[in-house]
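Just so it is clear, A, B, C and D label the chains in written order, and each chain counts residues from 1 on its own.
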Amino acid sequence: MTPSNLPGNRKSKWPVAVLGATGAVGQMFVRLLADHPWFELKELAASERSAGRKYGEVTRWLEGPPPPDLIMSRRIIACDPGLVSAPIVFSALDAVVAGEIEMGFAQAGKFVLSNAKNFRMESDVPLVIPEVNGDHLGLLECQRTKRGWSGAIVTNANCSATVAAVALAPLHQKFGIRQLFLSTMQAVSGAGYPGVPSLDILGNVIPFIADEEAKLEREMLKLLGSYEDGEVVSATFKVSAHTNRVPVEHGHTICMTIGFEERPSPEAAIQTMREWKGFPATAGLPTRPAHPLVVTEMPDRPQPKRDVNAGNGMTVTVGRVRRDAVLDLRMVALGHNTVRGAAGGSVLNAELLAANGAFDTA
Amino acid sequence: MTPSNLPGNRKSKWPVAVLGATGAVGQMFVRLLADHPWFELKELAASERSAGRKYGEVTRWLEGPPPPDLIMSRRIIACDPGLVSAPIVFSALDAVVAGEIEMGFAQAGKFVLSNAKNFRMESDVPLVIPEVNGDHLGLLECQRTKRGWSGAIVTNANCSATVAAVALAPLHQKFGIRQLFLSTMQAVSGAGYPGVPSLDILGNVIPFIADEEAKLEREMLKLLGSYEDGEVVSATFKVSAHTNRVPVEHGHTICMTIGFEERPSPEAAIQTMREWKGFPATAGLPTRPAHPLVVTEMPDRPQPKRDVNAGNGMTVTVGRVRRDAVLDLRMVALGHNTVRGAAGGSVLNAELLAANGAFDTA
Amino acid sequence: MTPSNLPGNRKSKWPVAVLGATGAVGQMFVRLLADHPWFELKELAASERSAGRKYGEVTRWLEGPPPPDLIMSRRIIACDPGLVSAPIVFSALDAVVAGEIEMGFAQAGKFVLSNAKNFRMESDVPLVIPEVNGDHLGLLECQRTKRGWSGAIVTNANCSATVAAVALAPLHQKFGIRQLFLSTMQAVSGAGYPGVPSLDILGNVIPFIADEEAKLEREMLKLLGSYEDGEVVSATFKVSAHTNRVPVEHGHTICMTIGFEERPSPEAAIQTMREWKGFPATAGLPTRPAHPLVVTEMPDRPQPKRDVNAGNGMTVTVGRVRRDAVLDLRMVALGHNTVRGAAGGSVLNAELLAANGAFDTA
Amino acid sequence: MTPSNLPGNRKSKWPVAVLGATGAVGQMFVRLLADHPWFELKELAASERSAGRKYGEVTRWLEGPPPPDLIMSRRIIACDPGLVSAPIVFSALDAVVAGEIEMGFAQAGKFVLSNAKNFRMESDVPLVIPEVNGDHLGLLECQRTKRGWSGAIVTNANCSATVAAVALAPLHQKFGIRQLFLSTMQAVSGAGYPGVPSLDILGNVIPFIADEEAKLEREMLKLLGSYEDGEVVSATFKVSAHTNRVPVEHGHTICMTIGFEERPSPEAAIQTMREWKGFPATAGLPTRPAHPLVVTEMPDRPQPKRDVNAGNGMTVTVGRVRRDAVLDLRMVALGHNTVRGAAGGSVLNAELLAANGAFDTA
């Protein structure tokens, strides 16, 4: 079968691998790649402990129908660039091990699409949400020069930072954010599996997620920064965040209060978000939703249970856009933390690279 | 039986009634008054529809062991001041009917301790959390003069406003709040019974509670206002709120970001909250907890499931007191919405009135 | 557009209406019919109170993306056969009003596909799960003769009875059930909207659903009965049920312990269920899943969260088939209560009627 | 302070230790023993990993207010009988290590009150619920003779078996159970901490708990067996169980269908349960509730959220006692799995031993 819609002159799908394929985010990668029009999931890599065993035997499949037998019966290989033949790898590795392994893959000439936090804030590593800052991929040139890697590392952001940045990008681009207060209500799937014990969260709220506020604050500024002269200049507004865990399966809800350089009315803000198209080169990418950002006027939305799957989990939904008595605007944003905020974001990054020709030699 | 610890020369408990006794807040009043050292629950009033029937027959008891048979078998009477003999009434009435009924009781010479929103913002009606602003009861003099009632109406505040005000009172008194951002995660019991449908909230967050943000903002300023020359002068800082419903049974959790006139360090703020004693005349009141405000240093607390019953539901717990990058401090407060934030608050108001001698002729 | 796959010589879709379109089951009908290959959703009927208003205005859409604007902006009409032009109506009416209204529609010549309990146990009214007992539609002849209606009423069963009957039909047909013990754990959506208050079910189990055990027991016997000589002869085995409500959104889980006339081994039971094709005439119907009944060998399945959407909610999943120390077999069945057990079941009934030519004059 | 109500001539509390004090059941032991009238909690033992550290440092306190500082600051010791001085130890050890450690303590002369499953089915080890089969403690004589231990091991039963046995004991004693079908809905606290991942149980039911059905069936028969001539003769009726995990924090709910030798009416069954006093020697023990078994006639009770704390968690509540169409009776029982079904049960066992004089030399 020859896919008809591959970018460039490409005749066959690119072979790809998933590192850390057995965990929660790894499973989401497998799901999104099992039938992808451009990528063919060739290899599943995980810890030494699982290597050699069948994927279906060591994976407790968490959600939805398990992938086809072809995948479930594949033997897991170790996360070793010498064993992985695919030139493109998606990393769902835990931060404890991701640093060294991902670097090894990049040195060995692989394109690493990483969901781990390790390299996100490195000045020569793109931290990308394609519609928001796809141009930041320009950093790869600098990365190769500086590190001497034949491969590359591209990262996607923390799940909360991603949802917030998609909602705020059009407003920041047009009106200039000056001050930002965030308060999140985050789903348990954000903590992986087994993750949050049920005794901690059933009927409860935990007003603390380790290191999350710091990640949210710093990644937001890089995401909304500008790419100039070969480097990313971070945004400079002030961010203040509370992050909370709530008994929701998927979907991070974020209450936002925003001060701008040029104060928009709620109507102007809504119009700006609705007219936003995102980074042009993302148009037509397979995983890009028709609308990366949707504004609802239903008074009690967005809600995780009802809006999380908008755009197959790639659309961020904003609601309750209203004036604020202290700053300028208040609004609520919601997005799917393991799709838009994790695996889906990485896949979209890879698609943008593919469309840009970055994989032409891969 | 002659209670030994009644205020003044009082020889017997004061007879009291509950208006709206069958609903969720009404049941909480019944629970708190079933065995109160100063008050004797004599009458249960509810809608005409229930009048004449036994309390236990028309009440779906929501929580904990039902009250004694003596109460469950009592006949409900209508909410008519001519039928209620008790001089002191606790009102758990819905706002739709509370206005007229409560006024009728006050005109008829009753002391009305109201949980309804109708009169809270009237300039001559005390909106009271005893430890925070017990001195606001001074408004009653003005109320009688102005309205010519032989009785009186005293209100307690919205549940979220109450939790926030207890946490903020000592800080405002010492450092002067300048700006306040709040984001709440509120329990379903705040919406009464049947209240929130399970299809709306299981595994979900609803980022909207009708009229709640406005109530929270305006009541907060009155609560933290000062009583001067016979009137209450509201606080003047700016408040901005997001209010959310979460799948928690009891306990409103509030994320706060605060700017002060005189910026305290987190340590100074913690010390100030810990040293706070509250309005002195509340010391020793039966329902007043030993500590109206507790600061925890456990990193992931307060949590509704684990802290809501502190001080029998009358203590507000604050945690995560930390610096803020935009304003001065961030912290999280939690309190029991139907105890401290509703029935328990009203009972404590009545106790303060009793201790002050307001009921001496009752 | 001329649909290509309509039964018989039919050239255009059949126009259909939904009665009670605004409630939870009504919404599910609207969802399933919004883009149906054989039926065109022409009319939305509801109570007088809603009549004349737009569907989208009076309907709090509960789940998933709302239907297209064409439907949301349609005016609701009253449930009056003189106002409804469609010859086929799906009834999601509450039992309190369903009896009279459905009878009126049948008298007026309409085919009524009813989800209400009112007529289910009438001897001349088919109670049908197509794959299980599609031949029971033969009762319609008797119904017309006896009642003189130009239309007809066909019912689908209670949601728990449906799930249980799909799981048990192949076993009963082959081995003859002798004794049956059921214990259900039912989702809140089974109670409609607003339905179960969150204060009753968050973190709780309610071991009682009004009238459910009786319905489950009696409908099961009619469903598994045989159609002989123009009438349905109910099955005669003994059924004993416990029915419980649990904090699950969709999906009824049923623990079953079964004694048979001819005791099968677990392996034989599994093979029988896997080989079961169901009533042959259902093959190829649009809403019929490829596999009405699936047996899983995963040790901790079926689970509502993970299996409820199998076959787009039309597949019943059985697991944990094992020997029983007292009777013969134990197993667990799970199905989607508002799809297979309500709206989807009615739509499949209509499809079978259409394929049989029952609507040829409609 | 000399407690006034110690059994016999005892002048001071017995010193006791908890093995496995940091886990969920261990914490419950600590809570119940922190202020016990007969026992003084002297030592906290846990794994080597925790030994030497303060209890409050290594224990994530799960529920309610943490114990007094005196306990939280105590140094943990290893589970070694040479290091534990208390003559009475409560074991909350995991079954993986409990066997060897508990045996070591018994050999070293300690009384071991064990919550682990390892010795429960040994013919010379009492498996005791004091009100149900307190006379089984007579096995200790046989145990000492046979094993040559100067100490002893007494076990309490699996949490589900305990709840079921308390509900069924009076009925079995009077009417003789012949057949028993059980279907449980068990709380997550039964799996310890971290236990059940929230991603597995939020909005879900898991119809499987490893080894639970077998434990429930076999322990039930030993619990309801009779002590004759120095040994326990198990009951001989047939038991069939389904065990399910539900999103409830505490409280196992059990649906029961029962066939008897002498068929009682529901009224007779209710009267029998209400009149049941339990093993006489338990009267007055500190942890024994006034009513070990309560029958409610509220139609939708018992419910875990509303009834689990009856009798401070030591009372089992039965409801919905009704006829069964297949066997004789159906009913629902509920009890607190970590109090009555675990730590509280062990403490009550120790109290019965103390009252019997078993600890006189301890």
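Everything below uses one rule, namely that a residue touches a chain if its C-beta (ideal position, glycine included) is under 8 Å from a C-beta of that chain, and two chains touch if they have at least 3 such contacts.
All values reported here derive from a predicted model rather than from experimental measurement.
Student: Name the chain pair with more contacting C-beta pairs, choosing from A-C and C-D.
Tutor: Between the two chain pairs, C-D has more contacting C-beta pairs.
Student: Can you compute the centre-to-centre distance for chain B and chain C, using the mean CA position of each chain? Integer Å is fine.
Tutor: For chain B versus chain C, the centre distance works out to 48 Å.
Student: Cα centroid separation between chain C and chain D, in whole Å?
Tutor: The computed centroid separation for chain C versus chain D comes out at 44 Å.
Student: Could you tell me the distance, in whole angstrom, between the mean C-alpha positions of chain A and chain C?
Tutor: Once rounded, the distance between the two centres reads 40 Å.
Student: Touching at least two other chains at once: which residues of chain A meet that condition?
Tutor: 62, 202-203, 247-249, 305-306
Student: Line, ring, star, complete or other: which describes how these chains touch one another?
Tutor: complete
Student: Would you tell me which residues of chain C are touching chain A in their complex?
Tutor: Residues in contact with chain A: 62-65, 202-203, 249, 305-306, 309-310.
Student: Along chain C, where are the residues that touch chain B in the complex?
Tutor: Contacts found on chain C: 24, 62, 188-189, 193-203, 247-249.
Student: Touching residues of chain C toward chain D in the complex: what are they?
Tutor: 179-181, 183, 185, 202-208, 217, 238-240, 242, 244, 246-249, 253, 255, 257, 299-306, 319-320, 324-327, 330, 332
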